[in-house]
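Read from first to last, the chains carry the letters A, B, C and D; within each, the first residue is number 1.
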């Protein structure tokens, strides 16, 4: 069974002589990734910067990021999982036929070279984007790449990292882990955290109509989710906090305008490599911060009767 | 008019969370975000300290913050299975309050990650 | 105000060994000579200890949080703390959530913990987690021995500079002291190598050896007047025959204070996994003749756990040995950490040697002020299993029973069967409270003397099961507040954090900035943890030399 | 006499009702059963708020109604039978140890997840993760039999260790994902990535499959064990072709990426 082998971006900056971007378009979606963290940086170990590094881009179409790559590999749409699995087999010298390789849009020559680069670099790093993690196969595609990276450690130093978008989504992940043990997809309906993606993840919950009120903050599902999910948000009391009036605000029973984080609200945000950074707001907002509003809702709820029956046990063996 | 400067400000638009941005502002609007990329620049310049929207809306009508907080607490308290969702574009401090909210409510807690 | 009356008091810091006496607590949460009025707790027939102090544990920060994400299957089967109107919910298990960590520690009478491995880059994160661990007081140690800016200064022979760098990092991280892990080895691991010999130069450096790092860093900790000496995780953890590395390391420390972390993992003889054996006799003898050095056991308990250390090479080895999950996280310029779930089995010869070695060290090191209770949580076992270790230390007969589960071929590989020593309550109180508090330099902890923090545990002795006694205290008081009563958590107040501000040369910022910008990816100005982020703190400013 | 449960009130949000299990109700009176606690979302309510209960407790249970939102029925059951007339929600028979469950309707996700033994027969369709492992666990179902007459969703038999899953209809992606043993029979084939990352175990498909690239195509054959296995399956009214004159099986070995020693047998009619 695999695992997750990763590092902070500073390690990539200092050491990574071989970098793969898979299913992402950093040139347009994370514009400073190349210059600040990866291929363009010089370091004591890679004094010539770009010249000392090799970059491979894997994607289903040639994006602007391809210009920055030494090699662009165009994988057939929906074949990422197959291609990564082929690579896992090839690094172990298992036989895969040419026809099977070509079915992913690659050739043996190309993959032989890639495997050779992966095994013989000094420090390899794979970044994967939503082109990988949000297409058919979803979390299994990410798991495949993480496993490949872990397995490459039999030959050299190799790590992998998701290219998180969406602002501070990493912070949510990190905080939920320390407070609940789980990164997302959690229920507290038994009085303690339980986890089951697919059961407690929001799209599934909304599409099945499994919740009867929604509190939405720092997201606009009214614009991004499938229609049945949006329909359910319209049916139930939805509460929305956002600096703007969003699609979700328009379908919500309650909208509260809040100060935008990092611009007018202070605090902390986590970078994609799970490093926390302080925010330095330049402006003073006429609106309260998210933190303040949610705290006040919490305080308001404290005044109401608690939902758990009296005399319920204080500890028990978890059940899932 | 001379603009005020904030050094080493942090941009939360994408997961890079660059913390070397220099913001030039007049307290209402950010006029320049040096070192920021195109996405970051748009992010900083598109938010202002102007009061463009009502403080709160309850059932489509303008409401005070107190009224909105009371209404929010009421709906959440009544629900048998409330959901707390999102938390991408917000601070860790607010995220902690959200986790506390779901814990206190006995509800669901989920972020963008599950998409 | 509270008066605890009628209990047998074990307070090694004040030489009190089972004397029946009253303990008085004032409204400031301090122990005082006497009080007028207030609540009386009748502890007649019970025993009274100072609150436990964990000198070495991993309960907060990037690594344990990584472990939490890797073990959802464990969270599903563990003890759940149910939400109450005022108290947050939590999950126990191998890598407990922050809230549960506080409940579990307090629930067995521990009131102070030392988070022993904080990379500076995740210091901000670690403090946020520590703030979410209720009830107990906390200290944290900054990982230093593989910091490249410091290593460069040592390599250049710039001792003063190296010292300022260390001071700068301690203050930037808002920590309490220095943890050295596998000196030179983690830096090498980032290239997939390891540093196993104390006298050969480490990968990437011309003349800097692990031995030199150890000596200089110990000197730096002394010169900075840190209340806790260098906290050292020796090279070559877990490897057969590593006792020679450990003894060699200790020799490099002559003339310095030091605390050796989880020495069980560093006390093996043999040449490979088949011939591995305990060499705790040698190591204990060293401690017995060098009273200025302390250690914690890093004892192993059979069962499931998750191993998590900044020792990447060892983790990769474990992953290869077990074929289970593996997480690894390298932090720029500082350290790395690896995470592998693991099950210690009595039938496994290596595990059996580890289990015996931890207990042997606790029993063979004669002075309980020198060797402390720990499992290197979660590496050797979860901290909430400490009462099982106490039972093993106090009952030679119980040890004998446990020895029978071990494989036959263990004969001749361990010393435990020949050891009859049984800890007294006084010695237990020393090893789990007074001793670690003293080693940490926490003068108000581990003592029931007047002026100390009123962290007090009252146990009801269960002569049939000592582990039960220590797992279920009747009362636990934290800073004078009753937090556990009759087995229930009554209050979950916030604890405080211990910080030090070491003295450093005035130009250290200017010195650091260009070097910092060379290897880090965040802004120099954004890097230090702001003091005001730590809400409840006990800050100690250290004098210059 | 079976104990009969009729859903009288449609739950608004999921109803977690692991008390609906022979082990829990067998020795209880009708009145006691009515008072058992179920979780309607976060609300702890007596069972009778949602169900009419007929008869005293027994090891045989009948459930009637649209139970799509009712979860965890027959969790860890060790004996008796549960018969569902209607659709049933998630986690039916999860951790089940013995006994028999019949669903005359559709079932949802995670049925028979991590089950140890027993039989589950769904006469309609099932959701995903049939007989699978929950997140983080190393092993899915450890033994027992799951028969789905209709189709099933994603990750059927994920990490299963032993036992049998038989699907009358097609499976979706990742059928037999990381399988460690046991057998999956696919009468109508599957979508993609069947047997991905499998270590051991057997997947038999009566329809052509789109194979993962990391399976090696070996010989065509009619292994003798299939003869025995086909007879074994006849007790569930499943006909597995094996006669040489009717066709043969093409054998694929993999998943090479692990590298694993699983096999996928695809029926090739003559």
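To be clear about the criterion, contacts are C-beta pairs under 8 Å (C-beta built on N, C-alpha and C of every residue); 3 or more make two chains touch, one makes a residue touch a chain.
Since the model is a prediction, treat every value here as computed from it, not as a measurement.
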| item | value |
| --- | --- |
| Chain at the geometric heart of the assembly (C-alpha centres) | A |
| Most extensive contact between chains (C-beta pair count) | A-B |
| Centroid distance [mean C-alpha coordinates] between subunit D and subunit C, Å | 46 |
| Centre distance in Å when subunit B and subunit C are each reduced to the mean of their C-alpha atoms | 39 |
| Gap in Å, rounded to a whole number, between the CA centres of subunit B and subunit A | 19 |
| Where subunit A and subunit C are represented by their mean Cα positions, the distance between them in whole Å | 33 |
| Where subunit D touches two or more other chains, by residue | 12-14, 41-43, 134-135, 138 |
| Junction residues of subunit B, two or more chains touched | 8, 10, 19, 79-81, 92, 96, 100, 103-107 |
| Shared interface positions of subunit C, touching two or more other chains | 70, 72, 76, 83, 88-89, 128, 132, 324, 522, 526 |
| Partner subunit C, residues of subunit B touching it in the complex | 7-8, 10, 19-20, 92, 96, 100, 103-104, 106 |
| Interfacial residue positions of subunit B with respect to subunit A in the complex | 4, 6, 8-19, 23, 25, 27-30, 37-40, 43-44, 47-51, 53-59, 65, 68-73, 75-115 |
| Subunit B-facing residues of subunit A, complex | 29-33, 36-37, 134, 163-176, 179-180, 183-191, 193, 197, 200-203, 205-206, 210-219, 221, 224, 236-237, 239, 241, 243-245, 249, 252-257, 260-272, 276-280, 282-291, 293-298, 300-302, 304, 307-308 |
| Residue ranges of subunit A in contact with subunit D within the complex | 1, 81-82, 85-86, 88-89, 92, 94-97, 100-101, 103-104, 136-137, 140, 188-190, 195-199, 210-212, 307-309, 312, 319-320 |
| Contact footprint of subunit C on subunit D as seen in their complex | 134-138 |
